[in-house]
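Lettered A, B, C and D in written order, each chain numbered from 1.
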């Protein structure tokens, strides 16, 4: 499902039920089953055979949800957080920087909650492969279960392994290595071993603290990696409102001007619960002006991204 | 001049000649003198007696400049860079954080190019004082000369001194201390000594590298400073253009649409050289849409700002 | 600022949770900090600012070692450490609630609660030292009955409201406010013309930077200004008197001579009333005279009205070579004003900037930007006005 | 990607100054790097990517130790060190120019130049070790005749043009481009509908992520597309064939049967011409059929036209539960589209984001963000389309 689109919901599909942007639920569609939440009871039988992106009405006819096709981007929004996860801006930037494309072989450690794993698998499928390693036994088992449910096992192999102690057990097979480890510097030698020696190998280390970066950069330099660069990557949500913005002549003339909450805000709040009725006006609203700004609370930091390449050639240890 | 406004240009005034945003020149107005640049020859006699903000025409009548009143903000734009200087966003934020106001006593080290010194002097005048210390002898002398020319000596005292080795030679007199030093941690004890013990003392250390911050924070903590916080502060210039933004129906209908450089850009370029003629249209331009974005090249980092307070009370060393 | 908290002054009380509230300290009134306890105002009067105080049983306060500065954020550098704390706690929810109630009553100290919690936490012993200390710090933030009284400086007020209620101050962040003061070149003796359609954060900041000879003329919406924030600033009376205000609706008001006559049988109240009205009339006449005389040293605007319309109206009152500065939370209203200023022959150095501020956690081996930040601090439009008639 | 540079491939050549140029390597052609020298294409063919090569006298190249990664920026942590270099140099301008000319001719090595410069620099001996090493690195960047051949990956191309010629790619930064690929859920077998009014940076990125079964249908301005950047990508022919293009002016074109008849006395050229026109006709018919069939897996737009008008026209071709993604350098054109999407009942998860990227220098004791950064990387608007007829 995560690396092939379907048009119509089928029995056994993975799907995402969308209530509001903040409440989305992954389900495995199964004839006879029922999904209950505060919006009502939704029978899987009502979903099977409808097109993805359709509205499904609750059993009592009062509530509804949308049944969406799963994608790695949606999965990142709903994945159960067993660890800090990677979000879309980092996932995207790292994938492009590491030149992930169909056919590439990638090593990831640790797997964590699998947010990035899904995205890597989608990008390298169908002929590439992701080898992902997780130190924490229970988390490895949970991720493995998800990969099975999500029909990703042809593209993803997960192993419960302490890579800091034991390396990846892979030699010269990877196009790219991604490290999300507390002590990434200790995995640099293993990463070097795992990268192909015939083409450029790429590495990314993801660490929240600058001290981790400082040590990793030294290790990369020592092990012959080059083009060492470090970035931070974020995306800021913007919101749009309509404000009246009257001419000051109104106030000078003694007219009372209303600065009530603008229409855009009210529409948005309603919209989260329920889409506007068909034919809703797309007029910015009663002579107001569209204004926008970043939403008040933003993610301020995720992690530092340290990149490097390993030029082709014989590997001196 | 920097802490009192005048309306009319007088003989002996400091003034700023404004040609374009990128070419401004500080002068000391002196009867009989002439200022020459590529825009022409400008006689100081033509300036004396005109209002600040007036246009002054060159001797041959072809060029002109504006004669502006000096301010610390303009000075920051034109100060000769003998060192890395502080820019307006940092200057502003530090001043507010340190609660600089008329009457406050401030210690600064090093003086550097004096960009911040002018602003501090303006803010604490007329009853406050800035003691500023510079390690580099020649730079101290140059700054002293500027303070004299700028008539700031009633508010600013500069001393050529190695404060890392010898401290500030001040005890219990300062409301705030500002450190712009390569090893600020070595000046923390001296700063503590210089701060008043009867009211809250405030300190800011300005350092480009994170390693300097790490050491300074430890020193502040050891010396009993509290409320230790660290920030970065920048401001990004935005530019505005008019773009045609035609409906795609034009292209579908086979019409040729021109995406030539928008009017706003051309106007801006001309504007740098010469203000638009009176009565210039303030229409966004021929059915276009006003759009804006950050200018391409921005300042990415100046320095980290580490702040702390010293609560009132007896000083244990 | 004073060294110590005085009767009747406003103080920012920061609690272990990092939340803060502004209180007006009165000896006879109780200061309520919710789960962190309460104490009599009299206990705080005379106490120096900036120290950490612990609330004792009975509402006394005493200086306390400061809480370590190291817990700005609870993100784990090492994600192996993330364990489910609730499941490893042997105490029930009810038992913990009972502990909290006893703590609030002063029968048990925060230290005692934290010891009980750690002893009953199965995972605690397995934690690394780093992780243990983090656990304890987190619990301290929850259970310590401590606070820090902070001065109501302009910086502290702006940061407080930006966090607690940004709409109150039209979303202006302290760095943005500080840039406005610089660009407007506010100094002791400056005469500033201001518009502040929030609750006085901007006008208050201007007042903080002027002294003898300076003044702030502020034009406001409605009949009476609502510069609520100024009263938190503990200004001396002469500081407050440097503010003169005028409703927009009076800007074009034509003054007529004060002609009110006293009736023959006027009471003393009538006499006093007439005098009050006469003084108000004179004050309005003086304010209008000064305003219309123009030549202000700065024009500083934060408005809900179209800023271009406000500028067109007020710029004629600004002196030559003086700066105008306009704030808005959104860029769009300023883009139109920017375009107007750029196209006009009367302005130089027209700039539109977006301010940017980032706070960091600095700790041994754990230095990084804070995981949460404000989305935006607003935009500032500024320009220098040329002398009229160029 | 290949391990080594092949004949006819495009390569990004990065020079010691950190400037780069894209060259098409041909054995018989000379590659010119200005003051850093020149060499024959044949010297580079077969050389592995990613190594540092030194240009030797006569245009041979040989692997060289890589220039240390430590000189991203020359700001001094310690401003005491700032000295006026030009005044402390005993060599005259002419003498230095002569040295440079001899270096270019290969008569003197960069190391020799740098030694001469340091020996004649009065201030050099007084510098700290840190400062000396910095001076030498700076001079190396100026005089070393070195380069690094880098692959023309999408990331490298986007970064290169963002720096060298942002207008060419409508100012899209690599992080922003990467987010579009994620939000659009591009994968091997995806069928993507695209509009790219720059030079193919977006269409090229899409092509890089699809494989067997996938395709990109791109609608362009003018009669012929100008996706210049695609040719730098060294795509295999089957990779290029996954791109189908259509001018906007043909979008509403009604196909008529191909009716061209051959004249009785048709030449062989006439026959070939008719066959070519017949194939083009069939290809257009097929493209239009596919387009009008809709059910695309993604709609990805970067346009100079009003994006709302483009969306209104193309959204009907997008499948249910599939995403649309629109890029613009400025927020204003997207704000209108955002408002339209939010108000429409046909879309979910409507988001407008601004991307943010920061690069750091990481060096022992000298770690900090780069002193210069890009002002902005643009905005991305995205939404999920619902199944039609809800």
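Note that a contact is a pair of C-beta atoms (placed from the backbone, for glycine too) under 8 Å apart; a residue touches a chain by one contact, two chains touch by 3 or more.
In this text, all values refer to a predicted model and were calculated from it rather than measured experimentally.
The greater number of contacting C-beta pairs, out of the two interfaces A-C and B-C, is seen for B-C.
Chain centres computed from CA atoms place D at the largest separation from subunit C.
Subunit A and subunit C have Cα centroids lying 37 Å from one another.
Centre-to-centre, using mean CA coordinates, subunit B is 25 Å away from subunit C.
Separation between the centroids of subunit C and subunit D, computed from CA atoms only, is 46 Å. Mean C-alpha positions place subunit A and subunit B at a centre distance of 42 Å. Multi-chain contact residues of subunit A, defined as those touching 2 or more other chains: 210, 232, 236-237, 290, 292, 294, 304. Within subunit C, the positions touching two or more other chains are listed as 331-332, 358-359, 367.
If you check the complex, the residues on subunit B that touch subunit D are 82-84, 110, 112, 135-136, 180, 182, 207-212, 232, 236-237, 243, 245-254, 257, 259, 289-302, 304. Per the touch definition, subunit A reaches subunit D in the complex via residues 3-5, 7, 18, 21, 50-55, 66-69, 71-73, 88-89, 91-93, 95-97, 99, 101-103, 119, 122-123, 125-127, 198-200, 210, 213-214, 217-218, 221, 226-240, 264, 267-268, 271, 275-278, 280-282, 284, 290, 292, 294, 304, 306, 309-313. Interface of subunit C with subunit B (complex): residues 1-4, 48-52, 66, 69, 148, 151, 153-155, 158, 174-175, 177-179, 181-183, 185, 187-190, 205, 208-211, 295, 297, 319-323, 331, 335-336, 338-340, 342-349, 351-362, 364, 367, 379-380, 384-387, 390. For subunit C in complex with subunit A, the touching residues are 75-80, 82, 166, 171, 221, 248-249, 251-252, 303-306, 309-310, 313, 329-333, 358-359, 365-376.
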